[in-house]
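Residue numbering begins at 1 within each chain, and the chains themselves are lettered A, B and C in the order written.
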Amino acid sequence: MSQDLQPGNIGSYPEDNDLKKFIDNRKRGGLLWRLSFQLATLIAILALLALLYNIFNGAFGYVALQNKVDPNALVLAMEEDQMLSSPKTVSSEDDNELVKRIENNPNAIGFFGYAYYNDNTDKLKLVSVEGQTPSRETAESGEYPLARPLFIYSAADVMQENRAIGAFIDYYLTNVNTVIEDVGYFPISDELLNGATTSWSEAVGDQAEALQSYAANPADVSDHDIRISGSSTVYPLTRQMAIQFRRAGFQGGLDLQQTGTTAGFRAFCEDMTADITNASRPITRAESEACGDKKRTPVEFRVGTDALAIAVSSKNTFLENVTKDELRQIFTTAETWSDVNPAWPNEPIERFIPGADSGTLDFFAETVFNRKLPELTESELVKILEANISTGLMRRYEAEKPLAERSQAELVDLVLERVVEQKVVGSWKFTESLFNRTKIEEEVARIPQGELQWRSWISPKFLITPQSSTPELAGVRTALFGTLWVIAITILVALPIGVGAAIYLEEYAVMVANPILRRVNAIIQTNINNLAGVPSIIYGILGLAIFVRAIEPITSGTLFGISDPTTANGRTIISASFTLALLILPLIIINAQEAIRAVPNSLRQAGMGLGATRWQTIWSHVLPNAIPGILTGNILAMSRAIGETAPLVVIGASTFITVDPTSPFSKFTVLPIQIYQWVSRPQPEFRNIAAAAIIVLLILLLTLNASAVILRNRYSRRLS
Amino acid sequence: MAVGASSRPEVTSQTEVDITTQLRKHPRVGETLIEAFLFICGAVSILTTVGIVFVLAEESLLFFTSGEVSLTEFFTGTVWQPAIGQFGIWALMNATFTVTIIAMIVALPLGLAVAIYLSEYASLRVRSILKPILEVLAGIPTVVYGYFALTFMTPVLRNIFGDNVVQIYNTASAGIVIGILILPLVSSMAEDALSAVPGSLRQAAFGLGATKLETAVQVVLPAAVSGIAAAFIVAISRAIGETMVVAIAAGAGPKFTFNPFEAAETMTGHIVRISGGDLSYDSIDYNSIFAIGLVLFCITLVLNIISRYVVAHFREEYE
Amino acid sequence: MSTTGVPTSNGKYALELQDVHCYYGSFRAVKDVNLKLHDKKITAFIGPSGCGKSTVLRALNRMNDLIPGGRVEGRILLRGKNLYDQDVDPVEVRRRIGMVFQKPNPFPKSIFDNIAWGAKINGFKGNMKELVEQSLRSAALWDEVKDKLDQSGLGLSGGQQQRLCIARAIATQPEIILMDEPCSALDPIATLKIEDLMRELVKNYTIVIVTHNMQQAARASDYTAYYLMDRSDRAGELVEYGETDQLFTNPKDKRTEDYITGRFG
């Protein structure tokens, strides 16, 4: 090197510390960029995760179900019906009649309000339940199982604004214990009664004294009306109090309804059509909050305890105590006493129970049976069906599949669908369901007959039920069949043509000497590459014009006289398949070409060198070796076709069909179309089933790709 | 050796037969038929193109000769309201371009960055994890991306910018999601281009003391620029032709707006919506989708041709 | 047998090349070859890379047809019939003139099928098992593979694979076997086996072999043809052709002498 080319003469590079700093700077910049590249990659992964998460999120979560009929009431009615129809059962609305029939029959048993037993202690023997004898104390504490508290509810502002109400409640609390035993309930302890009075005083505040004076002289508040709603159990007691209040001089309106506890709270808290509501259970948190929304703070007054007495004749020597389970058997299935307990005599049980309309029977059934719909047996479910749906409908179901052959779960579904008429009235996504549970519960509690349920929108049932306009009943069966049909025909058409074209281009076209033909072949190749870039919707337009319209006689099947009776136009499976076949043809050809090109030339030469014709060589050596690659390309193309939506929308896939496709000339829908339609609906439940359908679609694609990998591996192992 | 004279008599006897007869061409009908069949298979693709061009041209001709719309009006108008006889394709084209630009803003930098990371930085192990993930992303049907746009991206945008700013249907959400959708396409094509750059070039750069970044960005990237450009062009073409995402998330009504948070209908979205209903074959609506289709076809075709031209004419120097 | 070790010619010619020119597209790769191949003899084509020897070999059974743009001018006569006449079927030509390639290329099939396939497509009717056995015996491979005929041909060693390819060629009972550098991918021991095999086979077949290896040509062939690329137009041409002993000991052409004495650049 000559002297004047030494760097020092014409410039310099950083040295020592400067060099170190210089390199460090460059490296720092490099690290920064490297991080940004990694970040980009991370974003891509996050996008995929978000996509999958979002689908998952939509496919699972809580739903609010609303029932037209309360399933518990159905069970109760069925249980009561069973009780009433058991052999040797006498039912009477007249409790005295029951007492009279039991007293002389040692094999008889019955139940009624505790008061009636109390009047007849000499003739009857009280049976303890689960070791507990009913008494004011055991009933009040809840130790005795067949007991429940009785309440009335009102609110501070109601009592203050409507003096009649405030006065009536004071009157009620002061006098309830004088009448309660006549009505048939246990009086509550002084302690509880004092508590109730205190609640009243606190609620009415400084009006207490005035109201107390009105209570003593109800005529003074006759300018106000009293509206009472709620429990039918408390009703007789409140009615008795109302009668006395009127007797004491009250002349205002007195509207007393028995609607049941739940409806009573609704009338009181939400509709505000009641000023007082009777209740045979405490108010729930949700009900209380619903009241709070209307600026009404409910105040609870315990007024008594209801208990049932299980009684036998005083002549009965064997029965002292029963368990709840024994009680259930005694009043339903058992025929003799020894059926229930071998220690008891082998004598028929004679049952005496209150009438079907009495609250007593309901209470007994609720407490003793306490079963939910899904716990019932097949025959019980069939009974419910028979009792609640028309014989015509029953016959139809019987024809579809005999009820006797249906599983318990199927019958439960049928009851839910036809009798309970369960409807999804709200739905929540997976994460909402996990993290906002309390809020959801409150919302659901506000729905009349509402119920919260965890729901997996994707289920075996979802796969085998056809489309429906009710999202919770809809399934993908029709779409799934449509997809399978369309894809099968698409592949049947596209695979041979695609592979054929690839063979031509790879094995024959290069050998062509004729310049015109060579030009044609070059055009074919360029053309295929260009077609691969044409948007899929353009193929849809082509399919619409050619397959649906121009050759409609063929694609509708009318030419062959086998058209689907439901559709006589060209918007059929076969049109869809032809369209998709053209769409994936370039993909198949390009992939197959690559696979064929990858077959070593030596194999071709070996074949030809032996005097094989070109086709013999291709068939015996080129194709077998190219098959794994062709297969992979084919699977890719199939996946593409399965996911295609736009071209099928354009050629006119059906928007709503519930009939499985039966031939290539059937009208059709496919999974992606179904998803598209469901996504486009505004109701959130349709988003849920769209998510479920997406999972079905993705699983289908995943299975397909996995099977391709397995197939390819097996094939290539066999080759080598 | 076993094959001695005993196995040769056929040949000796053959020599007595006229050699011309022996070598004469057999009419191999099967072979000819097969070749003809294979040629026809290849020709199907030509027929497809011819079919597309013919169908689009014929119906578009009907559209333009219907008297309801003139070519100038079609290509300059910004109002698309068939009900009042207004067919200005810019109402649709504008939305298409908005969506495409947003998609490109997302897909190009991200896709290129991912490609550089995969090709220049990632270890074999990382690559073996990342590539399948990108393939999964590429294999998900577009209708699923539509669902994603409407039920995920739109709520996210509305949370960030406010419900009164972002409409339920908007081109921004559709554009971002299309960007994600074509990201794997960009990254895999760009990565192919980067990987095709010979290792010797990298070694030369490292040998001069270049850092990894300098090698990647200043040596490898320029060497692969034609392939990357082609990837970008294909991505644009793909975004323009993408249908389901916009059909689900971008809105159903042509609107000439530059606000990406407003609903607007793209060309593809319009075709899907119009043909999704019960379309009468004689209506001007029916003809209009062919005219839009023709425009769409031409745009994407030109882009594809450009991309192939770029690859074919700028690649050789590095091979 | 003559004293020189070169069996005397029976006076017949298996193939006759007259004014043969080979083209790839517009490029002339080989020019003006005139050559008579002796029947039931081994003829070796030697020469430096790119001299066109392989091209001439491929021209003999019309394998050049398979290369896009490949074309032959002139006449190649098999018993008086020009193989390039319009009415000649190249498939028929290849049946009669078999070929063994540079790299062993067994089909990815069983050993049995490797041999049977060629026979099958050529319409062989008879005892296939026997044909396979005979062919394998002829290729001196039988003892090594007789217990694993159903295993893949790709499982054999390189030398075995090449003998399998020879057996495959024999099975179709060609008149002439062309070998394109059959030993270039093999080790010396496998090479020796192939050469021994050729000496056996030549009793029944005419063999033409292209080789890079002058020793091999000297050892194994009866006649040798030396090709060289003409620098002026880059086309290969036949420089000298004659009995192997004579060509190696007493070359007539200066260029041949340079090559065999290693003075060739």
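Assume a residue touches a chain if its C-beta (ideal position, glycine included) is under 8 Å from a C-beta of that chain, and two chains touch if they have at least 3 such contacts.
Here the structure is a predicted model, which means the values were calculated and not measured.
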Geometric centre: closest chain by C-alpha means: B
Of all other chains, the one whose Cα centre sits farthest from chain B: C
CA centroid of chain B to CA centroid of chain C, Å: 50
Centre-to-centre distance between chain B and chain A (centres being mean Cα positions), rounded to whole Å: 41
Gap in Å, rounded to a whole number, between the CA centres of chain C and chain A: 78
Of all residues in chain C, the ones touching two or more other chains: 91-92, 96
Sites on chain B at which at least two other chains make contact: 28
Contacts with 2+ other chains: residues of chain A: 613
Residues of chain B defined as touching chain A within the complex: 28, 30-31, 34-35, 37-46, 48-49, 51-52, 55-56, 59, 109-110, 113-114, 116-118, 121-122, 130, 133-134, 136-137, 139-148, 150-152, 180, 183-184, 187, 211-214, 217, 234, 237-238, 240-244, 247-248, 268, 271-272, 275-276, 279, 281, 289-290, 293, 296-297, 300-301, 303-305, 308
Complex interface listing, chain A residues touching chain B: 23, 26-27, 29-30, 33-34, 36-41, 43-45, 47-48, 50-51, 54-55, 58, 496-501, 503-505, 508-509, 521, 523-524, 527-531, 533-542, 544-546, 549, 582, 585-586, 589, 613-615, 639, 642-646, 649-652, 655, 672, 675-676, 679-680, 687, 690-691, 694, 697-698, 701, 705
Touching residues on chain B, where the partner in the complex is chain C: 1-5, 7-8, 10-11, 15, 19-20, 22-26, 28
In the complex with chain B, residue positions of chain C that touch it: 78-81, 83, 85, 87-89, 91-93, 96, 133-135, 137-138, 140, 170, 173, 175, 200-201, 203-204
Sites on chain C touched by chain A in the complex: 61, 63, 65-66, 68, 91-92, 94-96, 98-101, 103, 105-108, 117-118, 121-122, 152, 154, 165, 168-169, 172, 174
